[in-house]
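Next up: the structures, one after another.
Two complexes are shown next, each including subunit A; its partner changes from subunit B in the first to subunit C in the second.
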Partner chain A sequence: MTRNAPHPMPDPLGERRAWMAVLARAGADDIAVLLPAMPAHERLRAPETGLVMVRGRAGGDGAAFNLGEMTVTRCAVRLGDAVGHAYVAGRDKRQAELAALVDAALQDPARRDALMEAVIAPLAARQQAARDAEARRAAATRVEFFTLATMR
Partner chain B sequence: MYVAVKGGGRAISAAHAWLDETRRGDTSLPELTVAQVEQQMGLAVDRVMAEGSCHDRFLAALAIKQAKGDLIEAAFLLRAYRTTLVRFGASEPVETSAMRLRRRVSATYKDLPGGQVLGPTFDYTHRLLDFALAAEGEARGEGPQAPAPVGEVPRVTELLAREGLMQREATDDAEPGDLTRQPLAFPAARPVRLQNLARGDEGFLLALGYSTQRGYGSNHPFVGEIRVGHVAVEFTPPELGFAIELGEIAITECQMVNQFKGSRTEPAQFTRGYGLVFGHGERRAMGMALVDRALRAEELGEDIAAPAQDAEFVLYHSDNIEATGFVEHLKLPHYVDFQSELENLRTIRRSAVAAEAARDGMAEAARDGTAEAAE
Partner chain C sequence: MTPLSPGFADPVLDAQACFRAVLEAMSRPGRVVVAGAALRPPAPLCRAAAAVLLTLADADTPLWSDAGANAEAWLRFHCGAAFVTAPDHAAFVLATGTPPALDALQPGSEEQPQRGATLVVQVASLGAGHGWRLTGPGIEHEHRLAVTGAPGGFLAAWAMNRARFPRGVDVVLCAEDRLAALPRTVAIQEG
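After this line comes the complex of A and B, so read on.
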C-alpha cells in the first residue's frame, strides 16, 4: 500500500496517470465529440462493470478500513501495438471503452501531441473550470468573523 | 408433523400489481424520473448509498423510486444488487486531507487555516416551511461567488497532534477485516467496527451518539472538524501495476475531539472519534464518530457501563437490513410454529385443570373420609 505517496514516478507514467484521471471524470459523449476518427481497435476485455472496495483510514490518517464499495467499469483494447486500459467510476460501458481507446492511442508517440490537444486538454480545462467554480461558491460561504467592541 | 403449505401465488401477484400502481400514484401527474430523484432527493440518495454500502448515485436513486421512498427497502435493494457484481479489488485509502471541500467547519477553533466554510447547509435556516417551493418552475438565480483562497486546509486533529495534545492514530498496514467477506466476530478490531458503523442505520447511530452525550458513556465531545466534499479514489489494477484515479466520490468526514484523562503510560490528551460516510451525511458521520469513540472504551482503559460502549450490542444491532429482515420475518407465515405453541398452551391448561380437579377430588375425598370417620 502506498501511503500519502507523492507519486515520485518517472514522467511518462505521471503523464499517463494524468490523462487516465481526466478520462475517468469525462462522460462518454464528452469524449466522443472530441475524438477524431480512429482506426478500428480490438477488444481485449469487453467493458465490464464491477465493484471496488473504497478504503478510508481511522482518524483520517490511521489504520485502513473498508468504507464501502463503488461501481467501476473497466475495459481493455488493443490499438496497433499499444494496449489501452480504463477503470472508471460508474457503470458507463461506452465511457470505459472510449477511455481505453484514447489511452491506447496516447501511447503512440506519433498521435500523442495531437490527441492531447484535441481531447485531453479541453476535457481537463472543463473539469478544472467546474472545480474552480465550485471552489468560488464555497468561498462565498466562508465566514468572516468580526469582533464587537464594547466601550464604556 | 410437518405440513407443507402451498398457494397464495395469485394473491401475491395481485398484491404486487397493486404495489406497482400505488408506486405510480395518480397517473394524471407526470412520472418521477430516476434522474429527478438523483438530483432533487440528493440526501436520500446519499443515505441509501451509505446504508446500501455502494457508491452509485443512479442505482441508489432507482432503488428509492422502486421502494416508493422507503429508504431502508432501497438500501436493501442496493445491497442485493451489489452481490451480483464481481469485485475488482480494494482502493488505496482515500486521502481526506486532500478533499475538494464544499463545506468545512470546526467547533473548536474560530480562526484556523482554511477557515470556516459553510457550504450548502440547513444550519441557521429557520425551519419554516417554504411555500415558494410549492410554486414550481421558478428559476433560481446563480448563487454568489467569491475568490477562492489557495493554500492548505490542515486537519484540526493534526494541529493538536503536532502539539502533542492529540493522540496519534495507530498506523499499521495490515489488511483490514471485511464484513462482506467474513462475518462479524468478537473482539472486533477498529477497522471492522468502522466498516460496520459506516453502513449502519442512521437513526441507530444518532440515538446511540445522543445517549453518550446524555451521560451514558460520556466523553465530552467537540466537533474538531466536519468536512464535506469530493475525494479522488485511487486503485491499482494488477495488469497496470501502478495506481490510477477511478474518479471522485462524495464523502463526509467528522473528527470528534474527546477528553482522555491519561493512564500510567500515557499523558492526559485528546482522543479521536471518527466518522466517514458516503455522500453528504453530516448527522450520520457525527453519530458514527460519537459511537466510534464510545467503542474505544476498552482500548483506552475506561469502564464499559453504557450501551454505546458495548461492542456486541452496538455492532450486532446497527445494520438496518439485518434488523428489518429479522423483525419483518415475524409477519411471514408461522402457522406450524404457532400450532405447536397453541398445542403446548392447551396441554398446560388441560393439565392445570386436571391437576386442579385431582386436588379438588382429593380434598373432597379427604372431607368425605373425615365425615365418614365422624359418623
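After this line comes the complex of A and C, so read on.
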C-alpha cells in the first residue's frame, strides 16, 4: 500500500490529524512500549473491524471511482472528558484501542507536550526513517531516459 | 456538554436481544417488556427508549428528537443516524416531552405502508392489568395497559391514526427500562 505524505493544506485540526496519522501507522507493540502509565479509560465503542470503500480520482481531476475495499479497525474511548478516536488499517484491535487512548490523552493540554515527546516524536522519526530507506532503495534502481534530438 | 457514555456493551448480542424484545412488544400489543436495563444514556433519554433507537436507528433512518443536544450527540455517535429538523421527514421520532401530533408524522403510503414513522414516547410509568383496554390483532380477547403520563388527547389522535390503516404511525411507549408497543392495528378504549 502506498503511504501518502500528510495533507499539505493547513487546517485547524492539522496537529491532531498529524498525530492520528502517526498512531494509525504504528504497531500496537511500538505504541505500548513508549506509552507511559495511563489512568483507566472507558470504551465508548469497543474495537471493531469492518470494511471501508476507498475512493480514488484519476489524474486528480477525474470523476471519483471506487478503488476497492480495505479492512479497517476503529475504536473510541473516553479519558476524563476527552474522547479519542482511532481508525487503523488492518484488524489489530489492540493497536486501535491504544491509538484511541493516546488520541484522547493528547487532547489534554497538561499531558500533550510530554506525550508528543515520549510517544509521537519517536514513532514519527521511525516511520520517516523507514520511508527514507525505501525511497533510497527505489532510487537506486531508477532508470533515466534521455531523448536524443538531432538539431539541424 | 456532558461526556459521552458507552452504548451497548456487546453491540451485536445486546441489539439482537433488544430487537427480540421490541418484536415481542409489537406482536403482542400492550405487553410490557424490559429492554436496555444496563444502558446509561444521557438525560432526558430513558434506558428503554435509548435501547430501541440503538437497535433500530442507523444511517438510513432519519431521526427527529426533542431530547436536547446531549441526547442527540449520544444518538448520533452510537447510531450514526442523521437528525432532521422537521418531524414529518423522520423515520423515528423520539419524544421526551409532548410529542408532535400523530397526523403530523410520516404515515407511509397505500403502496408502501412500511414507510410510516415510529414514534418513541417516554411516559412516566407503564403497568399491566388495569387502565386502557386494548383489542386487535395479536390480542386474543383484550389486554389492559396502564400508562401514566400519556400525551394529552392521545386516545382521540390514536383513533384517527387507526382509521387510515394501512397507513399510519406505530408507537413505542417507554418508561425507564420498560416498554410497550402500540402497532397501528390496535384499538384502544379508555378503561
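Please note the rule applied: the second predicted complex is superposed on the first by the 127 of 152 C-alpha atoms of A that agree within 3 Å, B and C clash if a C-alpha of one lies under 4 Å from a C-alpha of the other, contacts with A are read in each partner's own complex, and residues count from 1 in each chain.
Please note the rule applied: contacts are C-beta pairs under 8 Å (C-beta built on N, C-alpha and C of every residue); 3 or more make two chains touch, one makes a residue touch a chain.
Every value quoted in this text rests on a predicted model; they were computed, and no experiment measured them.
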Joint occupancy of subunit A by subunit B and subunit C, clash or fit: fit
Contacts of A:A21 with subunit B and subunit C, given as first, second, both or neither: first
Contacts of A:R78 with subunit B and subunit C, given as first, second, both or neither: second
If touched residues of subunit A are counted for subunit B and for subunit C, the larger one: B
Which of subunit B and subunit C A:V52 touches, first, second, both or neither: first
Superposed model, angle subtended at subunit A by subunit C and subunit B (C-alpha, nearest 10 degrees): 80
Contacts of A:R43 with subunit B and subunit C, given as first, second, both or neither: second
Partner chain in contact with A:G60 - subunit B first, subunit C second, else both or neither: first
Gap in Å between nearest CA atoms once subunit C and subunit B share a frame through chain A: 6
Common interface residues of subunit A - those touching subunit B in one complex and subunit C in the other: 48, 76
Of subunit A, residues touching subunit C in the complex: 42-46, 48, 76, 78, 80-81, 83
Of subunit B, residues touching subunit A in the complex: 49-50, 53-56, 58-59, 82, 85-97, 100-103, 110-111, 115-120, 143-149, 155, 157-158, 169-174, 176-180, 190-192, 194-195, 198-199, 232-233, 235, 237, 239-240, 242-249, 253, 255, 272, 274, 276-278
Touching residues (chain side subunit A, partner subunit B) in the complex: 1-5, 7, 9, 13, 17, 20-21, 24-25, 48-72, 74, 76, 85, 87-91, 131-143, 145
Touching residues (chain side subunit C, partner subunit A) in the complex: 3-7, 11, 77-78
